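Here's a structure for you.
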């Protein structure tokens, strides 16, 4: 069965979600992953969009995080201040999805700037909601293609905190969230070890260890019990292609 | 023309309101005064109730500050937190009405306790909204019967601030409101002098200076240009009796 | 997942002796039926928090359910004082903790928001600040002026009455919304009582109207007329006559005791209570409809 | 008292060179027509604040209206970057001040609430805090833990687009409500643009729906389709195709200049703009109705 790397990442991200999770979700692949999970093993997944929409039932794939299809037929709409206070800061969010231009060895994310902040080489969009999502969601997941420039040893700018320079340092700040739990790439899955360092815990059946190593900016450790992921099932791919993204906007 | 002391106070309080004022209003006489002003010289008076109702058009006299008649046909309903932040603390309220068991020489109000706070002789209802109204409304008015026990030299407990021990002391706290501007009683009107001390600035035509003096707990000064108030007009009394409180709940 | 249960089951499961309870509603939507059920179940040592204790907390205190009250205005609105509460506080038999309305709801707002404290501007009236050590001061780092701060209020359980709610607990309120939302988000557990249980599709037809999301709700109870003698906007009027009568009923302990015997212990549930009130009261409190102009969300 | 005027009059009277402008709306209800009118009137040196600058601020910056931008996410949502803004920031030609979304809207919340600062819990990510001196810390007096604080944002003028509004300015919004209310209350002046001007009685039929009260509003402008290429829930769809096309239009300065000539300077007002878009676009963005289930407020 053929599938794209986007499909592969989306399916593997969906599998990380648990039934009943409350997910703070962005557009793009995270949105697809959540909707796939809801149609498969997690029918009671509750999606909260940072635009302030709870319990959305989008009848089409939204391009923007504030698309009107998210509102019509949802269960609740609140203000942005409320979604960040009553939902996220209060601890009502189980899972947050994050992305960024750089993810480093300890799961810190840069979505702000390449180079110096005051004199940027490349100016990126900035935090949006991710600074607080990374801090306060119970678990965070990151979906990103596996490329060396995206996985430096140390990010140029910490837009959202992973484990900083190690798990104990994050703990010391007292932030409520447990930090990044998995980085799903097109080659495999990285997860933090006891020290908060990202290590390879699963490899996709289409990828090799060598590929992963040369596309990672630090000397990547491999978990002793590293798994090989199950390839996307026919049913998963059917839902993605026929129901969720029929015109192939993201996949 | 005969009128009651409640009618006298209500009419004189109504006359203090200016067209276009935004008033934070409680039930009872303040509510009657506002509605009277709206039907006479201040048609553009905007009433905000601390329950979070803006632009109410009550079709009956509300017993409670949260009566449903305040809601139906109003222009806006917001939460209590919002009415105290967006409206009152933000400085969007021109006038606040206050009441209390004691009002002292400097316009400080006690609505909390007679005697010691921890071992009260008489426990009163407490602040409600008045602590913040007294501080943040641009102008405050007090309506109260003129009795010696209600006008002590110094309140037992400062529930809401007048001028504390003098105008400069209130100024030093930096609170935005200008403090009490008038106390309307059934004998006359007290207003703060340049030092923030309440002095008699107007006497009702039915009252005497002597009556005022023996019913005030401090040596009350009389303004050199003390006025005699105009008695309630027939029209004012007609509106109060026929339109606003036809069953005589408050009057 | 439905959370429908009887009010008796909800109180039994989520209100425990010693709990900090917040029965929400500013004048509007006060969940009297829940207060009565707590009395019937004989809860003890509760800490009762409400901006305005109103008659509901006076009844619970008179019935011996509470050891402490947290409030900001302890009166019978428009009538006078709450005699029993006043006496209990004056004699020191009941512990109390006092705020202004803004202080009280700021504490709920902090609790609902997950904040360790919440700032308010100074009011120049410092006596309550001196009397209640929860009031503290923090210096604004931008202007160097002190602001007043309070810590979050985090009730064990909030009880919120609403007009309509689906079986999962997505709840909609209109009319005075008071501190309902903040109380629900601040509390560990949430009991929703509703005038009407509606299909999910009714809720989803107007998501901006929803104030409490199902996933923070523990129990949903269908309790028509739950709020009497308070009211539910659009469903029945406030029973002002009862609020006036209460002033007489509560003149003596015996008066209250008789009231509790007849109207709380003497009835099984709210349905029986409402029937007992009789047709004349039903008629007196009935309300003619006045509908909102609907809005168009659009099919997207 | 009616505040009805043309958008041209409102911009002329309430938006001045050098002003701090907050054109509100998170994806939804972005007041593009007002942005275009500001460009046509040739305003200079504006400070433009929005959580997401979106295409509206990119156009205003490209047209030379602004000297500074305050933002929390500078991208074309779902598409990519905002090329001109990015280049202006990279080259240092445009001043900028940056927050997270929560920081940005917290500043508005503080402004709307009359607070000198507003607290937020720590996020462990301290680089932005180091880069922006407006971020400070305050110690929580209850737990002794530090919180992050920000000062209020107090724009000179907020521009808020709404679905319906009466002539005095009582405004109702549904769908994503973003930071509309906070922006209006935080600002010295408020311009409301509305899809529909309705009778006061429509507003008064559903007071819980009202987000902005008339007395804080300075001007009310009837501007149908004001939000295109953004959208108005229930009235027309988001023009995703335009957001995708903008990525190409903005590849060169010349492309943007041509766009501005044709669609901003080349049209008199929003009505002409909308007509120019043509029937096919109107058709593509049209929306079938989906009505809310009305609620009963009751005659009291």
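Odds and ends about this structure:
A, B, C and D are the chain letters, set down in written order, and residue numbers restart from 1 in every chain.
Everything below uses one rule, namely that contacts are C-beta pairs under 8 Å (C-beta built on N, C-alpha and C of every residue); 3 or more make two chains touch, one makes a residue touch a chain.
Not measured: the values here are computed from a predicted model.
Listed by label, the chains that touch chain A and also chain B are C, D. Chain centres here are C-alpha means, and the one lying farthest from chain C is A. One inter-chain figure worth recording: chain B and chain D are separated by 40 Å, centre to centre, where each centre is the mean of the chain's CA atoms. The mean-CA centres of chain A and chain D are about 28 angstrom from one another, to the nearest whole unit. Shown for chain C are the residues in touch with two or more other chains, namely 114-115, 120-121, 145, 174-175, 177, 181, 208, 233, 237, 287, 290, 297-300.
Chain contacts: chain A has residues 53, 67-68, 71-73, 77, 89, 136, 176 touching two or more partner chains. Inter-chain contacts, as defined above, occur between A-C, A-D, B-C, B-D, C-D. Interface residues of chain B, counted against chain C in their complex, comprise 27-28, 50-53, 62-68, 70-73, 77-81, 84, 88-89, 108, 112, 117-132, 134-136, 157-161, 164, 170, 173-176. The touching residues of chain B, when paired with chain D in their complex, are 22, 44, 46, 53-55, 57, 59-60, 67-69, 71-77, 85-86, 89-92, 136, 176. On chain C, the positions that touch chain B within their shared complex are 26-28, 51-52, 71-75, 77-79, 81, 86, 89-90, 92, 98-103, 105-106, 108-109, 120-128, 131, 145, 174-179, 181-182, 231, 233, 237-238, 240, 243-244, 287, 290. Those residues of chain C lying in contact with chain D across their complex are 114-121, 136-143, 145, 147, 149, 151, 163-164, 172, 174-175, 177, 202, 205-206, 208-209, 233-235, 237, 287-300.
Remark: chain C residues 1, 112-115, 170, 181, 185, 200, 203-204, 207-208, 210-211, 213-216, 297-300 touch chain A in the complex.
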